[in-house]
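Handing you this structure, nothing more for now.
Chain nomenclature is as follows: A, B, C and D, assigned in order of appearance, with residue numbering initiated at 1 for each chain independently.
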Amino acid sequence: MTRFDTVIRGGTVATAADVFRADIGIRDGVIAAIADRLGDAERVIDATGRLVLPGGIDAHVHIDQVQAPGLASAGARMADGFLSGTRSAAFGGTTCTLSFAVQHRGASLRAAVEDYHRRAEGNAFLDYSFHLVLADPRPEVLGQELPALIARGHRSLKVYMTYEAMRLSDTQILDVLEVARDQRAVVLVHAENHEIIGWLADRLERRGQTAPRFHATSRPLPVEREATHRALTLGEIAGVPLVIVHVSGAEPLEEIRRARARGVTVIAETCPQYLTLTEQDLDQPDMLGAKVMCSPPPRDTASQAACWRGIEDGTFDLFNSDHAPYRLDGEGKLRAGPNAPFRKVSNGVPGLATRLPILFSEGVVAGRISLPRFVALTAANNAAIYALDRKGRIAVGADADIAIWDPERRVTITNDLLHHEVDYTPWEGMVVTGWPERVLSRGEMIVEQGELRARPGRGRFIEQSVSSAFGPRSWS
Amino acid sequence: MTRFDTVIRGGTVATAADVFRADIGIRDGVIAAIADRLGDAERVIDATGRLVLPGGIDAHVHIDQVQAPGLASAGARMADGFLSGTRSAAFGGTTCTLSFAVQHRGASLRAAVEDYHRRAEGNAFLDYSFHLVLADPRPEVLGQELPALIARGHRSLKVYMTYEAMRLSDTQILDVLEVARDQRAVVLVHAENHEIIGWLADRLERRGQTAPRFHATSRPLPVEREATHRALTLGEIAGVPLVIVHVSGAEPLEEIRRARARGVTVIAETCPQYLTLTEQDLDQPDMLGAKVMCSPPPRDTASQAACWRGIEDGTFDLFNSDHAPYRLDGEGKLRAGPNAPFRKVSNGVPGLATRLPILFSEGVVAGRISLPRFVALTAANNAAIYALDRKGRIAVGADADIAIWDPERRVTITNDLLHHEVDYTPWEGMVVTGWPERVLSRGEMIVEQGELRARPGRGRFIEQSVSSAFGPRSWS
Amino acid sequence: MTRFDTVIRGGTVATAADVFRADIGIRDGVIAAIADRLGDAERVIDATGRLVLPGGIDAHVHIDQVQAPGLASAGARMADGFLSGTRSAAFGGTTCTLSFAVQHRGASLRAAVEDYHRRAEGNAFLDYSFHLVLADPRPEVLGQELPALIARGHRSLKVYMTYEAMRLSDTQILDVLEVARDQRAVVLVHAENHEIIGWLADRLERRGQTAPRFHATSRPLPVEREATHRALTLGEIAGVPLVIVHVSGAEPLEEIRRARARGVTVIAETCPQYLTLTEQDLDQPDMLGAKVMCSPPPRDTASQAACWRGIEDGTFDLFNSDHAPYRLDGEGKLRAGPNAPFRKVSNGVPGLATRLPILFSEGVVAGRISLPRFVALTAANNAAIYALDRKGRIAVGADADIAIWDPERRVTITNDLLHHEVDYTPWEGMVVTGWPERVLSRGEMIVEQGELRARPGRGRFIEQSVSSAFGPRSWS
Amino acid sequence: MTRFDTVIRGGTVATAADVFRADIGIRDGVIAAIADRLGDAERVIDATGRLVLPGGIDAHVHIDQVQAPGLASAGARMADGFLSGTRSAAFGGTTCTLSFAVQHRGASLRAAVEDYHRRAEGNAFLDYSFHLVLADPRPEVLGQELPALIARGHRSLKVYMTYEAMRLSDTQILDVLEVARDQRAVVLVHAENHEIIGWLADRLERRGQTAPRFHATSRPLPVEREATHRALTLGEIAGVPLVIVHVSGAEPLEEIRRARARGVTVIAETCPQYLTLTEQDLDQPDMLGAKVMCSPPPRDTASQAACWRGIEDGTFDLFNSDHAPYRLDGEGKLRAGPNAPFRKVSNGVPGLATRLPILFSEGVVAGRISLPRFVALTAANNAAIYALDRKGRIAVGADADIAIWDPERRVTITNDLLHHEVDYTPWEGMVVTGWPERVLSRGEMIVEQGELRARPGRGRFIEQSVSSAFGPRSWS
């Protein structure tokens, strides 16, 4: 066995299947050996008493998006681009992000992707890939641009059922699904019924009910249940798997279970906000509730319990942050003024750095889920579904994207620990047990001792292959 | 890195999470290294073009059981003991069995276990563990014998809801579940409503409908649905996880899904017969239908489809054979005569050697399931649920129980390939793709080139720790 | 048109289908005409401003039962026989009762029925019929006694799944169902899992938890859900309709809905206690909780809501009292002593006189149900299911069993208003709107101005024909 | 009792609750008496051996509609107006119709209603009411025209989720529902997902699959399931009851049951075509399949069974014809040519005269449903839901709209028996048992001995009061 560049020695390794003590040998940025005892190397990292996990993949991240006109967030600036976004991710134990290259109506999808590539290049600390948001699936986009992009490894698409400037009609979604089916791209769906939301919001507005908490009133669970069922019907008609992102409660989950029982392939994602926050967190004085305004909104404790059960029993496949980096200021959430009505407040919560510590502490340490399930939800399943073949695994031949956790370290979350550019975190003051101390990307130590040790731009674009949602991979 | 006893070189390794190319280094019977390239060893096995999988665990095996008086099978001889049973298992890619140490009514559980240990010792080719069948959970059994046995690593128990000499009342099951909960033993349940079966069989008998096919008529799906729901209610009341074995169709599966939605922990098993046979296979001339008489009986193609869906979508955790080795002769199935009524024909089908090839061919090769799912269903999940900590995994520190498969080899199943002592197989003539060519147990090659290369008695009893059904394992 | 004996003039008549203003003409105890305006008669009753409803049928009534040895209530005296029972019923607007002729183990069913006939004769103020409780369905009972009784118009049977001296095994229930199917008798089931109750009660007892409130702890909802599902499976196997009596919450209701979706015919009954009381009513000082101890126990407010929804949306067919007349004294509930443990307290609540006013007030006046639905639940459906062809209807040719209600009268329920021999009512102090002021039985005024105007013994036994549960009636 | 104009003597009367022998006395067009024996009258009708039922109400009838531009049926002529439509209805035992006054886009609703009144006046043989179809619910329509029409007794509205010229967006439906809720009008919904149908039809068209049978392919069950769930969500959001018309199979029925379990009020309708036809009836040579093209299309035998179960078990409230009178010629179905692609063939089947005989024969005579259930489904429930207070009942004070049936008469259906102007019936050659021989409308004999005895224009418009869907009616 030839020498290794790096050996991680003495740790407890977890994969999506197993937990065992082993040394990890890394060569040329790749995991080359997993063994009971490896000899010396250029660099030896002592992981005694530590957990050695695949670095997280955060497959639902909004960074450096230019908002389309017509959105609540139009004109609002995202505080995080690739530089600070991937920096924050790395501090939270994540080593790969999937963010969104967004087409605007009337614009070119190809140009949007090229522009987004430029935004990443020279800035990203971590490897990254993109989902393509289709806001205007006109014939030349579906017939020419999209196939060309798919051929270049852009094999995940996202469609919105709400947001004025983004949403597609059922027909448009079917058109996208048809291409996705034929070319084996995986489709993510933001499922909320746009028209119900608008109708309810109009009525709230007329009554002057515009404080942040009415954001939740304007999009109750049936809004999400309806759109989830409709999306799954469209997937059933087109004969193609779907990913339902950010599921927030029992009713949409039941739609997912029913679709599976009909034989439909559905991948389900939830996010930290649906496990830990409720609608009541929106009800704070002085627009502070705007901090936790996201869509779907956090619900109630019964919904939290339903989401936890889905985390525990395998209903959810994916756990991502839906990081949306708006500062609580006039450039961000409050662009429309310090007392903006909820419809004009940008949606979303920041979460890149907190996603893994929250699930580790509330899930693994609290005894709800096993370490392999943690790895599956946060890394391995994202790698399989979004077809990042060398990512999300501790296995021979995989990229050495690794997070070394102290499972016993207690940390009080404060915003400055998170190294993003957002000026708050919804989890300020929360005490978690377990923290990622050292993070390697392709074998390179990028975070250590609370310090960033990498240079911007080292991250590379990762091409996607075919999603496991299309069926078992061939092994040869 | 110190030298290895054995290196498996050049194969494609599958775990319950990953598939990757790697060499495996074995030392002292244990997997010591998984690496891109390992140096030479005492023995080097070329696995180029082959799959390197964890040896199967068959956790539902009847061998060398002395049948209780009052059973249909009372007096019938099981053709396979530990010698031929584990031999057949090994030829089918399995490296560990869990069979049943059966208490009879009025007898001592401890004595039954000691007797069963004696039957295994000196005979088993493979490592093995036991489930304890409780047919008489009287106070001293539950209060003294059982705790002592649990302390010695017998941590899985089985109860029957049918069979005259075995079945427990609801009260007795609750009594067992209470001990299981307090001492963290996992409980398997054979769930069929005994009284309905008897009532229906009486009526069939009166009408002279005693041919093998009426076996199925006497235990229709509602019989299994009822008992499954009742068992799950008993588990819910006692607050303890259950394993429902040999689930045969959609209705009991729905009970399992409903229980999970209520928050009840249920482990679900199915078997090859429910994926590949139907009730019509019971309808053959000359008592040949007796070959496929098992309980629950095979159902119809809709039930097969429901079971396949449960295999594919994760509803089933376990896939085992329910091997029951009765010859079709006067010592076995036809002990009550060549035209015995169905109630007097011993129940069960042989399946130790065919379990894995059938699932590999119909599941993996047919594109229904991935290799990691195959490993989970046939090995890793059995190891976790039945708490065999060193088994069922290809991971550093695990026992080197490994099967090397030729994934492309086409084999026509004939009984002589199976190396059991039963005189038939239900799958005679079935053509499968994929076959386990070489099988290692604790690093020792036991099957190679269609030859057995091990000595009887090399197999060891494996103590069980605490089942993963009781919650996530601690990693430290 | 020939003259009438009685005309009820000017009232608002309700049937199970319609509400309309009409006069009712009665001749020879039978409704002879319903018309916009009838001429004079022997007697004219002014019903202006009043509702003219079919007298209620209470089809679940325990009176003058000799308790079997082995019951909690063994030795306890029922305070009401036919005299006070039918008197109380009449004061509550009920004109027909179905109580239970109970076979004891080892005894003759025929003898039990004859004995029960004797208890009724000379005492009943109202017409009555019996359900036959089978506690010992041995061959001669099922083969000879029962068919003879069915031929004499005893066409409804009851089986218990709990109570030591009464319960039948699944096999016995199937035996009863087979006769019921072949001879078209309808079967009522008390569905609770006996063994779970006993097991839980043992554990409560060991911990000294024997106060009345632990009665509810010993029979939680899953106990009822399990037995309901099992009973419905037995009905499915035997191919015969069932009546599930006293359903107490959402879980057993879901079993009923699921069975119907499978094509099984199920009739569902609930009682006032499940709409108005909760488990907390059992938690009172000084054994006062014993007053509301019944089986199944009252549950919680969510269960009440589920039962109300079933009342409103048609899931429930029948609404009866389950009147069980034990005084709170040493001859009744406290026969085993003033601090008897819950297992030794007789089960049941008195309810003959309060059933209709409670449903009228909380159902009709509160706007939950229509008058026709009230008539269906309390009279017409009982007549159809229990095949009392001339009862429960205001229609030409039907017996003139009529209650004239003041829909606006507010009454505070007190025990002395109820005219039973029980020394309490669970609804003491409840204020209801609507009260039956005058009650006619076969055209004879029996209650008027709060006075009883009939003689004991005027009531007659009513033979049953074939239940509508066996399918639509032929009209010719 | 004063004299009657007409007495129907000696028949068996059925209401939605009861069946009994009685004479019916009619005075001034109203039922004045129901009695065991009524004296003579101007006219005495001998009904010995006959059933006396409420005349049917057909609450889903398309007659004399001017098709909106953009519909497949645009330009196609409806063969039946009020004259032939109500004539055909009367011959089939129906005495009241609810057809549709259709607003076109950009047009006035009030004007559409006035126009439709004019079309009825002078032509209708039967009393009638209208549903108002809203195709353009712009503010002045909802704010002014609709409230004024509601005030004049137009209290049922219909919205379409498909058909290019008719369909409303979710927002528009919510706008309509809001008015309906506030003013207590009941809303009917045609629930199919328009965009899926269009998308599938486009693809069929591209492949040249335009024969009638592809009509069914273009609108599979999930299309109806989706729209049904969405409609019920809109009703849930708006807090208003809905009628889902022409339900065709198990999947939309399940949505209805689920909504009810959530506490949503839903009224469900099915039609003869979903009980008796299948998709295969569309597959006939020479465009003959166009005869049974309707939307939703007939499904398969499993869907028929599901619909029958809903008829039997009470899930369906209403049974109407959805009569749509297009001839199979160049003015009707084939307006776009003798080989028109399915998208250009007018939708609908004629059914006014066959609705009741089919349900009577296949439902009542076949033993599936009782006579009261027949009356409820075909008359009484329509009267309650659509609030025609004097219709649909045999009760004192109700209009004497009565059909006298020979329950044993066997009739082979032929088109000329139906007295409509359509040139075919889908049920040509079907043999039914039971036929309405004499039909009275407000006491006037209009059909007798197969002859029409009334003059056109005698029918009157009936104002609607408040639907029972809004809760129990007050009785005073």
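The rule we apply is simple: contacts are C-beta pairs under 8 Å (C-beta built on N, C-alpha and C of every residue); 3 or more make two chains touch, one makes a residue touch a chain.
What you are looking at is a predicted structure, and each value in this text was computed from that prediction instead of being measured.
Set against the Cα centre of chain B, the chain with the most distant centre is D. Comparing chain pairs B-C and C-D by the number of C-beta pairs in contact, the larger count belongs to C-D. Centroid to centroid, with C-alpha atoms defining each point, chain B and chain C lie 51 Å apart.
Separating the CA-averaged centres of chain C and chain D is a span of 39 Å. Under the contact definition stated at the top, not a single residue of chain C touches 2 or more other chains. Of all possible chain pairings, those that touch are A-B, A-D, B-C, C-D. Across the complex, chain A is touched by residues 169-171, 174-175, 193, 195-196, 198-200, 220, 222-223, 225-226, 229-230, 233-234, 236-237 of chain D.
Across the complex, chain A is touched by residues 1-2, 12-22, 25, 27, 30, 32-39, 51, 257, 260-261, 263, 309, 313-314, 364, 367-373, 375-376, 380, 393, 395-398, 407, 468, 471-473, 475-476 of chain B.
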